[in-house]
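Dropping the structures in below, format is structure tokens.
Two complexes, one shared chain (chain A), two partners (chain B, chain C).
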Partner chain A sequence: MRRPNRRIYDFLLLPGGIVQLLLFLVPIGAVVLFSFGTTNIVGLPKIGFTWANYSEALQSFYIPVLLRTALFAAVATVICILLGYPLAYYAARYAPRLGRVMIAATVLTWLVDYLVRIYAWTALLDDNGLINNVISDLGFGRVQMLGSNGAVVVGLVYVYLPLMVLPVYASLTDLDPALIEAGKDLYGSPRATFWHVTLPSTRRGVLGGVLLVFLPALGDFATAQFLGGPQSAMIGNVINDQFTNSGSATFGSALTVLLLIVLLVGLLVVGRFARGAISGARTGVPA
Partner chain B sequence: MSATLTDQRDSAVQSRTFPWHVARRPRPRQFDRPRFLVLVSVFTMALLFVPVVVVLLYSFNGTNSLVQFGGFSLHWYSSALGNASIRTSLWTSLEIALVTTALSAVVGTMLAFGLERGSRRMVQVSDSALVARLVAPETATAIALLLLFTQLGIGLTRTAVIAGHVALCLPFVAVVIRSRVAGLNREVEEAAMDLGCTRLGAMRLVALPLLWPAIAGASMLAFVLSFDDFVTSYFISGVGVTPLPVLIYSMLRFGVTPAVNAIGVMMMILTMAVIALAVPLLRLGRRRLAVSQPD
Partner chain C sequence: MSNDLPFSTDPLSRRQLLKAGAGVVAGGTLATLLGASGPVASAFASTAKVPTPTVKPTIDGDLNWLTWAEYIPPKVVTSFEKKYGVKVTQSYMTDDEQYVQKLAAGEPFDLITTNSAYLPQSVGGNLLQTFDPSDLKNFHQLIDFYQHPFYDDAQYRYTVPYGYGPTGIAYLSNKVSNVSHTWNDLFDHPEAKGHVYVLDQLEETIGAALLRDGYPLNSGSSAQVQKAVKSLMTLKPDLGGITTNVTPLLTSGQGWLVHAWATNVYEAIEASKTPEDIKFYLPTDGAPVAADTLSIGKNAKSPGTALLFIDWVLQEDNNYALGQYAAQKTGAKGGNAAFDDLVKKYPMFKFDDEKVLSDRGNWKIYPTGSRLSLYNQEWNAFEA
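Now for the complex of A and B:
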């Protein structure tokens, strides 16, 4: 560059940097700080150093909640891939015009308020709801669905599915169809072409979708609150109780830190999986 | 003879569909269009739409049952619009969303320029903060803000909610605008500076008009994110500040009413209207981009 005053661009980072610092990094730091804190007589958090919150959180009662949360989020993510990828694939590859309508329709459902969308499922899954009416009309008897683990997973899938479809669709439309043709010309069966050409080429979209579904699902609490029962509470519900009802903020902080640790572990797993997919695509090992 | 027939068929296929089928040989009985793909797509679309249809249907329900449909009525719309607390919440949500949109558009545009053109170390630091923010679940970031605000004695006012929403929307806005900043032709700005523009002047007069569509799109995203946001609003809003999603939450918790469905439909129409307003702006911007960037 001829002109020396490039530092102006660093100054442009300043307002955004301050927002990030004061409204993200400092608050997260406060959570970590208070997770080691104690409470005073009236139950207000106090800075201190104790492992008590963590040992309470790592009691046998909360470990299943953490594991369940990770499991729900993971299962919902996998179902989102299984439903969203074919939809995006069909829209991108077989129906250029209808496909765009399908994707726009997907976005449209996402625009309905998050809580209203969750709540619509209570009308569907209720003991006297639409699905049960259909089932009993077919002569199968009624099934209690509301309050089960399955209902929570269905809710999570429904809430986050559009966030899987969009990045996958974007990566599929970027994919050069000549690549698929090349796979066929090399006598690859459609299945082999999909596994060795299409899927590896769109892994970025899938990965983006996985992050957009898995991460918010980990922290979700409204879905389990409205669709689940006491046996299907997620970590978000427990954290929510600590901060909004008569709970302890320091204990809630420790749970939040544990949630962030679960999230980091999840990211590492996804990262390793992604690396595997990338190297697999490079070497092109036939199945 | 058969070759020309295939050629004819090829050109027919070409003229009809673009771009996927351009070089495709006609293979009518191939595995190419698996039936399961159609089945899964139809199932997924149904899954996506059945609940929305349920919301739409029950918002016009004549009875106050959530399971039985008792005739068409606009009752829930009029009761929702006639409810003072719902109207107050709507204005609160709109105000928060508009201020959030304006703030995050300005700060986000600056951030996008900085991220794309700043010195490497500064960019690395802000980039990792942005990624961490995008990755952290909203429940965690909202609770962190709640904890900080209450510990510092900062009131949980409208301003606090706006601050939380700006922090929430900023990474998305910056990412969207940044991708466009990366695509800018720096030489046009250099030319403006050769003609006597300052660096900031070149940004304002040359780069910003080119970025207009990206900024409009990102602002639209910020508006929708803020207006529909539940988690951050829920934790940070104190007494007397009730954005619409938070009101819906308390309505769902205490005393169910199908008015929620009507509110949901009206919110969806509002967000769609915002998007519909932004689309012509985007078109305008694209035309401008086409004029100033000859290929």
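Now for the complex of A and C:
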């Protein structure tokens, strides 16, 4: 068989490569550069070399914020799995037509602007909002929800759930039904078949969902800004403040670089785990 | 602390500061008043020798205006468009820092709703151009204070006032009682736990805590600022949030004790189903103030139209409509009269210009340089 000229592939990579370079690597490079600089009177970065931004970023009071951010993102990710997997499973296995509608309904929320959706949650959760009115009408007292850590997690789950559902749904629809039949033929109960056949075969989708939910949730700031309270600040809020309110883009850049490092390390760890899990699923040997 | 702080680093009580201020002749700069040095000071001081303007009030193109959303009566804009045959395009910002950043990035806005607290940055960063006030037919409409505001008092100007009002405290009278009318109220009402809100602006909230502790609003002393933020830390468990989105907090009943700008409280009262419950006062230990102003951008493509529009806004009937629409004083006769008419219904919004404006200790100055680093670090610790 004649192999296509490799140059054609190289050429096809060029437009995407240029876009990546301009829209991703150059801004990241600028952020790294600014993180070692100082600011002028109007808050614009001045190129230079100082560790001051990093030494400030490593102040102890940022550690609780980082831990809180990781906790919010992790809890939101787990809840997204618990909610998203059954939804995707039901849609893929038992109700193809209705399932597609359900998936579409979940994804449709993304057509509405992010801030509008979060604002809608403030109206639902505030002391005189819809949820509290219902609770109150049922005879229970009003509960202060807005401004709590729980409200932030609810917001994160709401925002990122579609990013969990879609890859899980895709992996479930790719799953060969004969595998499940084989599990049953081997006298596996539905539960045993799910745990030993379906779930391992869809780990790739779940891990994809975990990455798609956890990583952006780590960098989120609007959810905590609108739904959270003074004890709910995420690292994204601190970074956002440096660029928008504090005229301190260089310090914000240093925080961004540190967050990127944390994200990259997380990505490597999850990637390593994913490789093991997927190869385990392929060979049938638990990872 | 380095010596480029715009204000004295020595602990100086508010009373001492005001006493110092009394010795300064009228028309002196804020920098002089505060014994300042460094970039902020020089920015104000430089107003004494500002560049000679090149702009004249004449139509030279459509107007591109960077401002706040819903901050001008539509009829004032449409009548200008109709009279001069130009189009006015408004772009909206969500905080003052944005206009500084946009202008610093070279964006060619003709007209900008600037703020007196940011004038040192704007002038120091060469973001604005001057105009000759004698070119404005309606300049005489300004009240005495704004004919020569201390922050922009040279022969040529960078600003005319657009709207102003002090920061104070709003509360729901059905939830909170026995207010002392001082900043300490924010700290001393356990019944409002979880429903106390402070503004998400470091100079406002640190400023309020400084005033509560008896320090100058714009202190550059690290000891004073650290003590003020320490006080704020004690307030944190009682806070419902840190936000500038004050109006819905009051209308929804979520905020019981809220650090707020008067104009937002007025908005909340107008929108509330129970307006009688919403109260507002200016703390007796200091009412921080800054003026929204109109300025012409350095890279303006239609500076003449911008200056003509500034004059248009000062015109008495237009200014009255502005004061009525924005529910705040404008610094000109029309708008101030409109505000006086509005607050007949709500006397709590009334404030004495003489008392608030002439006390320079009340005027907010956004920090720059080392003072900004100090405020940022303390603010980040508070928010974290």
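Operating definition for what follows: the second predicted complex is superposed on the first by the 257 of 287 C-alpha atoms of A that agree within 3 Å, B and C clash if a C-alpha of one lies under 4 Å from a C-alpha of the other, contacts with A are read in each partner's own complex, and residues count from 1 in each chain.
By definition in this document, contacts are C-beta pairs under 8 Å (C-beta built on N, C-alpha and C of every residue); 3 or more make two chains touch, one makes a residue touch a chain.
Quick caveat, the model's predicted, so the values are computed rather than measured.
In the superposition on chain A, A:Asp126 contacts both chain B and chain C.
Look at A:Ser248: by the touch rule set out above, it reaches chain C but stays clear of chain B. In the superposed pair of complexes, A:Val26 makes contact with chain B only, with no contact to chain C. When the two structures are aligned on the shared chain, A:Asp113 is found in touch with chain B, with no touch to chain C.
Comparing chain C and chain B on the residues of chain A they touch gives the larger count to B. Applying the stated contact rule after C-alpha superposition, one finds that A:Gly271 touches neither chain B nor chain C.
Of the two partner chains placed by superposition, only chain C is touched by A:Pro230; chain B is not.
Using the contact criterion defined above for the overlaid structures, shared-chain residue A:Leu87 touches chain B, although it does not reach chain C. Residues 122, 126, 128-129, 244 of chain A are contacted both by chain B in one complex and by chain C in the other.
Interface of chain A with chain C (complex): residues 40-44, 56, 59, 61-62, 64-65, 122, 126-129, 144, 146-147, 228-231, 233, 237-238, 241-242, 244-248, 251.
Within the complex, the chain B residues that touch chain A are 17-20, 22-24, 30-34, 36-38, 40-41, 43-45, 47-52, 54-55, 58, 66-67, 106-108, 110-111, 113-119, 122-123, 125-126, 129-130, 132-133, 135-141, 143-148, 150-151, 163-164, 166-167, 170, 174, 193, 199-200, 224, 228, 230-231, 235, 244-245, 248-249, 252, 260-261, 263-264, 267-268, 271-272. Taken in their complex, chain A has these residues touching chain B: 3, 5-17, 19-21, 23-28, 30-31, 34, 45, 82-84, 86-87, 89-94, 96, 102, 105-106, 108-109, 111-117, 119-124, 126, 128-130, 158, 161-162, 177-178, 181, 189-191, 211, 215-216, 218-222, 226, 236, 239-240, 243-244, 249, 252-253, 256, 259-260, 263, 267. Contact residues of chain C toward chain A in the complex are 39, 43, 95, 97-98, 100-101, 103-105, 120-122, 124-125, 127, 194, 200-202, 236-237, 239-242, 248, 252-254, 368-369, 372-373, 376-377, 379-381, 383-384.
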